[in-house]
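Just below sit the structures, each encoded as structure tokens.
The two complexes that follow have chain A in common; it is paired with chain B in the first and with chain C in the second.
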Partner chain A sequence: MSVATDTKPGDTSSDEVDSKWLNAHYDPVASLYTFTTCMALSDLNGDGENKLIIADLGTGSYDMKLKVYKGTSLMSENAIIDLPTGVSTFFMDTNEPRTPAIAVASGPYIYVYKNLRPYFKFTLPPLEVNEVEEQLWNQTREDKIDVRVLREMLDSLRRENTDSSLTVRSLRFLMLDPDQMEAFADLHKHSPMKKQTVITCMDTLKKSMSDDDAISCLVIGTESKDIYILDPEAFTVLAKMTLPSVPVFLSVSGLYDVEFRIVVSGRNGHIYTLKRGSKTAKSCVELGSQPVGLQRVGKNIVVGCMDQTLQCFTTKGKRLWTVYLPSGITSMGLMDHKQRGFKAVLVGLNSCEVHVYRDKYLVNVIKSQDAVTGMQFGRFGREDGALVMTTKGGGLIVKILRRNAVFEERDSSGGPPVAQNQKLNVPKKTKLFVDQTMRERENGTTMHRTFQHDLYRMRLNTARAFVTALDNSLNPISMNPTEPLKLSAQIQGIGPTFKLTVSLQNTSMNTPSLSLIISFQYDDKLYALQKNLIHVPMLIPGLNYNFETLVECLNDKGISDTIKVFVLRQHRAVPIITAVINMPVSESVIVV
Partner chain B sequence: MRQSSLCIFYNITMNYRFFPLQSKEEKKADEALLSLPTKIPEPTLKPKTKKAPELPIFERRNWLIHLHYVRKEFNTCKSLIKEQLEETQGMCEYAVYVQGLIKRMEGRIQESLELFQTCSLLNSQSTDNLKQVARSLFLLGRHKAAIDVYNEAAKLSQRDWEVSHNMGICYMYLKMYDKAKESLKHAIQCNRHDLSFIMLGKIFLMEGDLEMAIDVYKRAVEFNPENPELLSTLGLLYLQIGQTQKAFEHLGNALTYDPSNVKAILAAGCMMQQHGDFEVALTKYRIAAAAVPESPPLWNNIGMCFFGKKKYVAAISCLKRANYLAPFDWKILYNLGLVHLTMQQYASAFHFLSAAINLKPKMGQLFMLLAVALTHLEDPDNARQAYEQAVSLEQSDPSVHLNFAIYLYNIGDRKAASHHFSQFEQKLQAQRKDNVNVEIDTE
Partner chain C sequence: MLMDDNTIAQIARPGTSLKLPGTGQGAPSAGVRPTTQGGRPLSGFARPGTQGRPGTMEQALRTPRTAHTARPVTSASGRFVRLGTASMLSNPDGPFINLPRLNFTKYAQRQTLAKALFEYIFHHENDVRNALELASLATEACQFKDWWWKVQLGKCYYRLGLYREAEQQFKSALKHQDMVDIYLYLCKVYTRIDQPLTAVEIYKQALEKFPGETAVLTGIARIYEGLNDLPNATKFYKEVLHYDNTHVEAIACIATNYFYSDQPEIALKFYRRLLQMGVYNTELFNNLGLCCFYAQQYDMTLNCFERSLNLSTDDSASSDCWYNIGHVALGIGDMNLAYQSFRLAITFNNDHAEAYNNLGVLELRKGHMEQARAFFQSAQMLAPHTYEPFYNFAALSDQVGDLQSSFNNAKKSVTNYAEHCDSQELFKQLRKHFSIL
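Here is the complex of A and B:
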């Protein structure tokens, strides 16, 4: 093991970081609620200037909008009816000028916009409805069966039917109160039965040519664990594939007509691969933690996981490397700078940083003002190397890669950690310590003997005191097994009158204590007690009994003394237990 | 703005060839629906239109819940789940599922168990639900119940790594090691996860089978050569069986992949110290000191590094810090005693050594050091007693006899002295035979 002599301990100092990126725009109050999948950069008007398209989730329940930014200003805003799941831009025809269409996935629909105008709405093919269920509703429509019968039948159907669930209509119907059922059935029974699903992710796949402006198909993942590939011109389903789990992230490569590969991460933490012609997915990787982002770099799959790791796999599923990240991942993006042939993975972290990984090497760290939730790298405006980021607080950040920025091949986090160059925090010793050491060296034997001598004396004194306490019953817990009692006393007040509370407990299992007396010993020049003697009633085991008396301090000179509390058995002089109370100094009486 | 744009949507699509035909009435209804500000269309239409409102499906926000969950934005996630469950009256399976996961992460395991049980009531065919029920049971310490549920899950999906692995761990806690090994091996066959290897290795260690444990870890390292945890554990195991070369190799590898792996740093540093490489060990300890500033073994080792460098004051400072952090660790007290003996502070040394003996009464070397301290404190009777105790407890270390011999010689008991000296020589010979490098200063 060689000692690392490298003096540069991965100090990506702030000015070095910033030297790679120019801050183009920062709007902390853009109020954007969006993800990487809901952002796209594209030349919508064919004027050579790329726009930023963001599907904004609004408040998460209303105010959803499709926003288009030209430069740093908002160019247009279209309302979206339901939560947008993903946004893609794609060419759906060969018309000139070449302007791409925008596809917004939302619920079971894909809304297609051309020239920022609504153009077409595609609805996912409905799922198969359970036959029995359909018959039941048909019979209801023909008034052959009562709503109560319908309810019972549906309920049993739901219980026994295990592989596919019922339609929303039936499920809603089952939730209703009996008096609402009739109206609900009347309202719904005439419309045809349909069972819909929801789009969970969307991507594009070039159809037959790999040009930048070639026609692309849409690839859609649904809640029903299916993947659909849609024809861009006719909007028919070209291919349908089934997954074992609900797809979350998609990564598509290749050409539909030649050969393509879709890498999908499922909600169960597995990654699946799909090829042209396959109907079902092949499980490729079983991750130990849920993926937060998935990107393809060349032939490899890079996955960011919930357990703060970035892992890389081949498409066959072999693990190539794992990087442990300093903080949780919030988003992932791909940085593909075609002009320079530079491909890297962007990882947004909770610690308000974006790490740029080329292979497993961290080549750059971008500090942001807030945790990044969505990002897109690409051409924005007329600038090729732009990085658009949205933050957790709803901000929008645009950074531009400097033209002279060079990413080093070498891992900038390499070398020994920073801590190695920090001095050890060894506790300092004073001169006194050294003096004491010298003294001990000179007089060690004497010190040792004195110590041993005193130790023995202390032990002796302790033993003596203990014996005396036992003899005089001065201890608050009775040592006599026939009188198992526990005593504690407390004093309240600031004087001159105090309240003295004696609490007494019988600690035996089942023998009650009888005929006990509490008495006090005190200096009668200093204190006067309201009750000198307290007769104790029978003590039931386990319960705590409190006895109170008032103590008046007769002296105003600020003197205090102790009061002893004895618990005695009648007709016996030696107390069973004793408590000693150190009285506080009394406040003097203020005469007004 | 919004209303007009949505209306245009339909006007344009009318001309499109794939637009489904709609009656005028229906179209009107649709438009009315779409222009409603809320996303859940209310049944506002009169029954005579006979157009039922569209019912939002239960799973419509699952993807959003999932996205927030994986980002660990649990507060957002919880409010989403609450909305979704209100909307569906608790029938949305995935929302309940994620709620269970979050509750479990917050440490409310019993609640999570109840939620997962609700999930498996909603969908009894899902292995995921059963696995989570079992996992919560496992975390509650109800291992037997967990195994039962895992068996159920195994019926639904064969060759599932998670099921086999977790079943193995349950068996391990029930101390049924054979079954545990079987399950874990099965899990490894399904998917070679590091975790299964680590647990299997642990079981072998619990049974005291070092060889097999090393074998398991070796296979794990083959599959995943860059996991610092595996590498450092394997290194420590090699250290235990005395293969220092291999141990150092693996610890070094672990440090290459994770230069701040405390476990590897401590082990490697300890080996460096044994070779007298105190400077290098200290530089490595600096990293560990930043990561775990309150680790008693670390400060103990740092202290002994300074001791080796003859910086006694620093050594005492570090050892005292270690002792402060772990007052009942006899090794630290032993070292403190040793350093104080070297500093000729015999009275202090006596205290530390007697404290160490109180914690570890069966250690001959401690008594020997105590005897040395007592000799210097001019207490020959107790010193002799301590030496005798040391000789009776310590069988292998020849230095006990040597020290005793010197002591006896000094007090004039030549006969006993020569007896112990010959014993010392015998033991030394025996050790040399065992090929242990022994260096002694001849007086």
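Here is the complex of A and C:
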């Protein structure tokens, strides 16, 4: 990070608009696929330089990696077996030098790394297996029941049991094709039943002291709607709490031994609070839309929602304010600059911007090259105010807060909208217009009479033309209420062979059209059609039916003609509707 | 490059490409000035190319290419077929010159004969490959010093679609001799490879050598028009009129611009000038009728339309005329007349998307939902670049509670014309509806 710290403020002329941030690093092809929860900044070696720890989701199905960046270069890479859901760094002992451990939550496990080497794997306590389900598998093992019976029983069990789900093995079994079931059951029936859950979110909680390098516990939310607090030394469950919904975002504050508070947002759009000693959660807020991020600033909870709002609540659940954002939220982060005592919420938007909110005031807008999906603010390298962002396209951006940057309290989005000051381009009335108005004023009556006279004639002419068109059934849309049809025909190709597509639609509400045929009229010296007659199947109202035929142009002299398409009822000579196609000039066959 | 992580922007910057219409500055919006059937900015003057280049292959294959709206898909099509028609008439006693039996090397040495022979092959026989062979031999024979041969080489390359080679030849010819013709050809190449700004640059160089040349000025104006930069286009058309006050294209384009920027009375003056000059066709009377109606000269309006209908010889022009009569009828509130006129517009031209859309609106007013829906659907299919049928369909679906299709159509409408307020409003409302828990 020495590159950036050497830069004097004011040197970066490239970004004059954004006077508060220096661009330290931008790598658009870092190929990182990660989110805010899978990023952490920590001094891993105890050398006073903070590293960036990123759990990369790889392609989303394989190639997951734990990456550690030192400055702008990749320091180490460790493969992760399953998709990571969270990364935290914490101190697990009091040994010197003070080096923190990394915890990576993935599936039902927490992998703990020390000095970037795998150190310990913690497995969540297994859940109780449904008794009936266990019995069923036991019977299968003793060959008392058939796989078909097993399948049926499991399926009915799945249907009636909504609160406690089946084990992964049973669910997988139910998904299989009948011919694969036997093999699957034979393979797995001897192993003991085990039901595991999955970690959804993770955070840390200081144990007994609030120092920066004090020992911390891990707080874990699981798919089985539980919150676990783990002891960092022995990795035993210190406390277990139950929620009414699956937790998705966690925010933890306080000390485990004294008093703590965990704010959890659930998958059902509720926010719950948990305190020391409580076994079950207290619901405090019901949101109007799904939360996409949750942060705590002081005693308030700030939630970003799917309906493009940022909402703030007290811990009691009282709504303080709502800010409407210009675009959808992609990520949220906390900006806590301890040296300056500045705390704000960072909101990454779909419109490639990061908004900085201090209370409800927008104090700064950072423009990024791509939509930001993950960000961390904190100490990176030796620089205290660094903002690390990953983008949707896999890029990595590092920005540094200028030392002389001041965030104004005032809301920078206030004032009347810009559109109000724009002048409308209304052309001036010309002298010509004034002259014509004069003429209109003087000869008003005559003009009106002429117009009315013309209008009558025009109505007559139009009606005549219309009747002629109807008589000849020239219309591509039927006027007959008993034959509600619409025809459109298109010609495609450059010749000599064209494709003629006729699309028919029944425009009535509920009467199908039956026994129709499509026929064509053309000059047989000029064109040859593949099908001269097309039988139309029953037309269901509202659907578009396409019929195709090939047209070959027989003439290479650059002459074109029209082709008429008729839709007829069987045994009736007069067509219902007609379309006339102007054929394009055909390309001649090019002999190469 | 396979497996390259870097992405290169496919979309040109606003105002630098002819492929991306509607991004020019200062032009009236799509809500005021309509577009052509291909979705290109509308010009006041029909010339080859005003129908616009097709965006997709399907569009290219679909749009009608009759003899007078020739728009080549390949380099030798429609228009060139007509140019070469002479070669198609069979001669009773064999062709005048039997090309395959000519010894090009021999004739290339004899400069005077070679030029005539080249012109015969190129224009009469329409055989570009042989013409190119002769031209390349001839230019070699005169040690690459004759600019005329270089121009002919460029023309051949252009026909064959080898634009970079053509550009090279024209540029080299310009070093020998400054000719308006060469500049025009060079700009044609640049327009073809979608570099309109370079073309304008070359035109401006030509203007320095040949000040007041109307062909060059018109070229600049055409490119600006294609970029939808109408203030600049009008400026150059006006300059054309300064040097040649009977230039039909310039007058027509200026008039169209005035009409769509809300000054029909001035447009009327320009169209009358055209009439005085002897232009007497259905399109002109059609335009005169519209201008009269919008400039409140009602006594002339219908008269002009009647004349236009009588003069019309082809179906697409009558179709447009009926469509405009429909608009006049809408303006005076005669729904019956409007309905009949739009129906007639469709009768004459099956692909008239705007008429389909308007018919849909009329059906909707009558409460015929299903009919209206069918009309909007056909309009959408025929003109996927417009926003009106999409918005109308979205509003209709919204009314009957089909929010999913309403959302999809509102989205398309917003994509096609981002500033349309009603679409934006509907889109916002629907998005809110879908995101609420």
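Just so we're on the same page, the second predicted complex is superposed on the first by the 387 of 592 C-alpha atoms of A that agree within 3 Å, B and C clash if a C-alpha of one lies under 4 Å from a C-alpha of the other, contacts with A are read in each partner's own complex, and residues count from 1 in each chain.
The criterion applied here is as follows: a residue touches a chain if its C-beta (ideal position, glycine included) is under 8 Å from a C-beta of that chain, and two chains touch if they have at least 3 such contacts.
Quick caveat: nothing in here was measured; it's all calculated off a predicted structure.
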Exercise for the section: With the two complexes superposed on chain A, say which partner A:Met447 touches: chain B (first), chain C (second), both, or neither. Expected result: both
Handout entry: First, second, both or neither for A:Leu171, with chain B first and chain C second
Key = first
Exercise for the section: State whether A:Phe35 touches chain B only (first), chain C only (second), both chains, or neither. Expected result: first
Exercise for the section: Give one of first, second, both or neither to describe whether A:Lys557 is in contact with chain B, with chain C, with both, or with none. Expected result: second
Exercise for the section: Identify the partner contact of A:Gln290: answer first if only chain B is touched, second if only chain C is, both if each is, neither if none is. Expected result: both
Handout entry: First (chain B), second (chain C), both or neither touched by A:His190
Key = first
Practice task
Give one of first, second, both or neither to describe whether A:Met306 is in contact with chain B, with chain C, with both, or with none.
Solution key: both
Completion exercise
Interface residues of chain A shared by chain B and chain C, listed 288, 290, 306, 426-427, 433, 437, 440, 447-448, 451
Completion exercise
chain A contacts chain C in the complex at 28-29, 31, 269, 287-290, 306-308, 393-394, 426-427, 430, 432-433, 436-437, 439-440, 446-448, 450-451, 454-455, 457-459, 461-463, 465-466, 469, 474-477, 484, 486, 488-494, 505, 507-509, 541-542, 544, 556-558, 560, 579-585, 587-588, 590
Practice task
Please give the residue numbers of chain A that touch chain B in the complex, ascending.
Solution key: 1, 3, 35, 57, 60-62, 77-79, 81-83, 85, 107-108, 111, 117-121, 162-163, 165, 168-169, 171-172, 175, 186-188, 190-191, 196-198, 200-201, 223, 234-235, 246, 248, 267-268, 286, 288, 290-292, 306, 319, 321-322, 324, 328-331, 350, 373, 392, 416-429, 433-434, 437, 440-441, 444-445, 447-449, 451
Problem - List of chain C residues in touch with chain A within their complex - result: 5-7, 58, 61-62, 64-67, 70, 73-74, 76-78, 81-82, 85, 88, 261-263, 265-266, 269, 295-299, 301-303, 305-306, 309, 315-316, 325, 332, 334, 337, 340-341, 343-344, 346-347, 350-351, 370-371, 373-375, 377-378, 381-382, 432, 435-437
Completion exercise
Within their complex, chain B touches chain A through residues 1-2, 5-6, 8-9, 12-13, 16, 18-19, 34, 37-39, 43, 47, 50-53, 55-64, 66-67, 69-73, 76, 80, 83, 89, 91, 94, 123-125, 128, 161, 191, 193, 195, 224, 226-227, 248, 252, 255, 258-260, 268, 272, 279-280, 282-287, 289-291, 293, 302, 306, 313-314, 316-318, 320-321, 343-348, 350, 376-379
